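Once you scroll down, you'll see the structures, which are given as structure tokens.
Each of the next two complexes has chain A plus one more chain, namely chain B in the first and chain C in the second.
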Partner chain A sequence: MKTLFALARLTLTELYRRKDFYVLFILTAVVTLAAGSVNFFNDEKIIRYVKDLCLLLIWISTLLISVVTAARQIPAECEARTIFSLLAKPVTRGQVLLGKFLGCWLAVGLALLMFYAFFAIVTGSHEHRWPLGGYLQAIWLQWVMLGIVIAMSLLGSIHFAAPSSTSTICFVLVAGIVVVGPHLNTIALQQPQPLQTIAYTVYFLIPHLEWFDVRDRLVYGWASPAWQDIALASVYGAAYAGVFLLLAWLGFRRKSLNPG
Partner chain B sequence: MNASPRLFLALVLTICVTLATSLAPRATAWSSRVQSDTVLGMLFGDGRKLFASQFFTMADVYFHSGYYPGIFDRKGKEIHIEEATHDSAGGEAEEMGDFRGPPRDWIEAFGRRFLISEHRHLQHGDEREILPWLKLAADLDPQMIDTYTVGSYWLRQHLRQPLQAEAFLREGLRNNPDSYEILFELGRLYEENLEDPDRARNVWELALRRWQQQPPEAQKENRLGYEEITLHLARLEEKAGNWADALRWLQAAQTMSPAPENLQRQIDALREKLADPASKLLP
Partner chain C sequence: MSAILKTDQLRVEFASREFRGTTTTALVGLNLEVQAGEVYGFLGPNGAGKTTTINALLGFVPPTSGTAHLFGIDVRQPIARQRIGYLPELTYYYKFLTAEELLRFYARIFGLSRAESDRRIEKLLKLVELEPVRNRPIKSYSKGMQQRVGLAQALINDPDLLILDEPTSGLDPLGRMKVREIIRRLKDEGKTVFFSSHELGEVETVCDRVAIIHRGELKASGRVADIVQPRHQNLEHAFLETIGYPIP
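And then the complex of A and B:
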């Protein structure tokens, strides 16, 4: 466990040094504040569109940070040949992978906290309401979802040649899962065989990331989902992240660590 | 020719600036595109109209507090903020059923626990939340008339902002000077909210003229518009005690009404009033 946290701390330090988070945070803040400053019909109480926009930017930004950070972890270590000095210590490849995952996940968790703190300040100053329970649920669910995405990116980084291709493929996959994934069963029923079976199989195989998106509940002021549902979704997310990490480990075990 | 490169560069720059200043106004005149003075207009060009209807739908999504069918859902999209502006809807949008139907599998069933699954309309002043989308839709497509009439309806009826509604309608009228719909809505604003029957009358009469200036095919399609304008004029004249004018407008409305027998009863009642000399003294 100590080894894992030592490796995770390295990844955390890397994110702290890189400028990705700062740029995205400032961009989100500027766009949100600019949108919030627009006057519509002299009504200062209008806020939902700002919440909508801010949450969308938070989703995009954290997704970007997760995918890009996770995709370059192993290739960067191999490229710089630091992986050899790392593995020369009493550390297994599995621990390296888990440490990288943990570091990325914790780093994204910190970024999420910063983003949501900004969101809470902006909306709370307008609405004078602080639904902290709802915010905590949204943060947790998004964090679990990002855990799946990070594991998926790590798996991709083992198999694809460059971090850029891993990032692109992961973005396309995540976007596809979020937009089309929930409706694949509807689409499947309209297809002839064997396309129907294939589409339905894909529907059952993919991780349903849309479950972790409770932005609408925050924007429209609906009650939060039940805690037992959140617990079940967390178990589901952990299972998928576990599967992706296991597949990544199986690939990483046999992978040649020489660059190129 | 031993000219210095700097001098040559300065000469070329001078020529460029001179040409630019003389050609810019001409180039603007060559272009048939309407010049946009908004940021969105400059960003999207004519393609902005594609986004306008999407933003108009977003206003409806907000009105239903996020409970709204998507392209994959069983029931298609129906705009309810627009329906609510017509008298026939009684000022309330019709209820939206469960457009998702029963879940097909456990994934869908569990996923619905995180989705919005109840239907709730915005109320108690929260209707203001639809306004940014309507304003954006109007900026993106200034020729989309429903945006102005719907925006005005919510501003004047639910948010008690008749002056903002008037400004929005005036903006719409500047962009669509021939629109009888905007003039009709403006008349309603003067009559129902600003209590200015004289301006309402003038605006509705102008709306009627605009309606009559439409091509015959358009008139055939927009019979409801004619009926609404003439009926409102009839009510206005009746309130003012001008029964002869009220009768004239009711008879005009009857020619376009899908239920003329209902209007006949009102016409008969007015005729009785006109025939009774005592009632002529009443305002």
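And then the complex of A and C:
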């Protein structure tokens, strides 16, 4: 565990010393603050619209941070050749992968906390309501979902050498899963065979990231999901992240690392 | 005496990048044995297989056949690397960290306690003379300073065996002298040092035994004096003749 935490800490240190990380963070914070502080004659519909916009921005920003950060971890280690000094220590490739995952997941968790803190302060100051339980559930579910995305990006980074191509492919894939994924079963019904079977198979294989999305509940003030549903979603997320990490490890342990 | 580092009929082949389906043989049945407390020089011209041997010893490159052991443990087991220190030819470190942070990171990897890490970091920064710049990012260091950080990280776990890949490559005469001094000091402390080098004069000065490798094959090994005597003026002559270079 010490090795995993050492690697995770290294990932966090690198992130907070990289300037580009702050650009996205500050941009989201500024837009959240600006949008949230506008007073549209206390029109509830417009306040809801602003909340929806802010939460969408938090979703996109954290997805971007997760994909970009995770996609560059292993390729950057190989490119800078720091992987060789690291693997010359009693560290396995599996530990490197898990440490990187943990570091990215913790980093994105911190970013989520900060974004939601902004959001809560801004909306709370308008509505004089502090639904902390709802916020905590939303943060947790989004964090679990981002765990799947990070594991998926790490898997991609093992197979595509350049971080930029990994980021692009992962982001397109995640966008596809979020936008098209939930409707694949309906689309499948309208397709002839064998397209129908293929669409159904994809529907059942992909992780359903939309199950982790409780933004509407926050925006419209609907009842929070039951805690057992949250637990089930967490198990579902952990299982998918585990499978992606396992596949990444299988690829990484066979990957040729010849520094010569 | 027990062999700390041993390779037995080590063979490494790489798939050719130019011609699909063909392989390039980097090492051909290499047999090496390094005893405890020795300073062992590993010599060969460029492309002879020195770095490939080191990569195989560190588990970066899987042997096609044969075996490699460190402290009697197969190099494919990560635990084989618990008691070694490795200095790569070029400095491959996290340049966003300071020297102190880098050493602390590697200390954590080895599972050292906070107090023990502090003690070793102090000692090593003094040894490599980087104390005044310990809190500066590595990216701002000169080549010589980066090489010394490398040496410090290789020593963080107080290793019994040091594997140094051309440790003085690219250093100025002062830097080379400092690295030689450190190698001598380590030898006096009873450490085993295995290092590859092109600097034959340096090898002659600090090594107990040497091995000469050419085109992946071991051409000669033994005490420096035995290889030089009686036909050669110095190690350079002996080296050139061993690799088949015509000596005027």
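Note that in this section the second predicted complex is superposed on the first by the 242 of 260 C-alpha atoms of A that agree within 3 Å, B and C clash if a C-alpha of one lies under 4 Å from a C-alpha of the other, contacts with A are read in each partner's own complex, and residues count from 1 in each chain.
Definition applied: a contact is a pair of C-beta atoms (placed from the backbone, for glycine too) under 8 Å apart; a residue touches a chain by one contact, two chains touch by 3 or more.
Model, not experiment: these values are computed from the prediction.
Once the two structures are overlaid, the count of chain A residues touched is higher for B than for its counterpart among chain B and chain C. After overlaying the two complexes on the shared chain, residue contacts for A:Glu127 are found with neither chain B nor chain C.
In the superposition on chain A, contact of A:Glu79 is made with neither chain B nor chain C. In the superposition on chain A, contact of A:Thr13 is made with chain C only, not with chain B.
In the superposition on chain A, contact of A:Tyr220 is made with chain B only, not with chain C.
Once both structures are placed on chain A, no chain A residue is touched by chain B and, in the other complex, by chain C. Chain contact summary for the complex, chain B toward chain A: residues 62, 65-66, 70, 72, 104-105, 107-108, 110-111, 113-116, 118, 125, 128-129, 131-133, 135, 155, 159, 161, 164, 168.
Within the complex formed with chain A, the residues of chain C that make contact are 14, 26, 51-52, 55, 58-61, 78-79, 81-82, 84, 86, 88, 90, 92-97, 101, 105-106, 108-111, 150, 153, 157, 163. By the touch criterion stated above, chain A contacts chain C in their complex at residues 2-3, 5-7, 9-10, 13-14, 17-18, 80-82, 84-92, 256-260. Chain contact summary for the complex, chain A toward chain B: residues 38, 40-43, 45-49, 141, 182-183, 185-187, 189, 203-204, 208, 210-214, 216-217, 219-222, 225-226, 229, 232-233.
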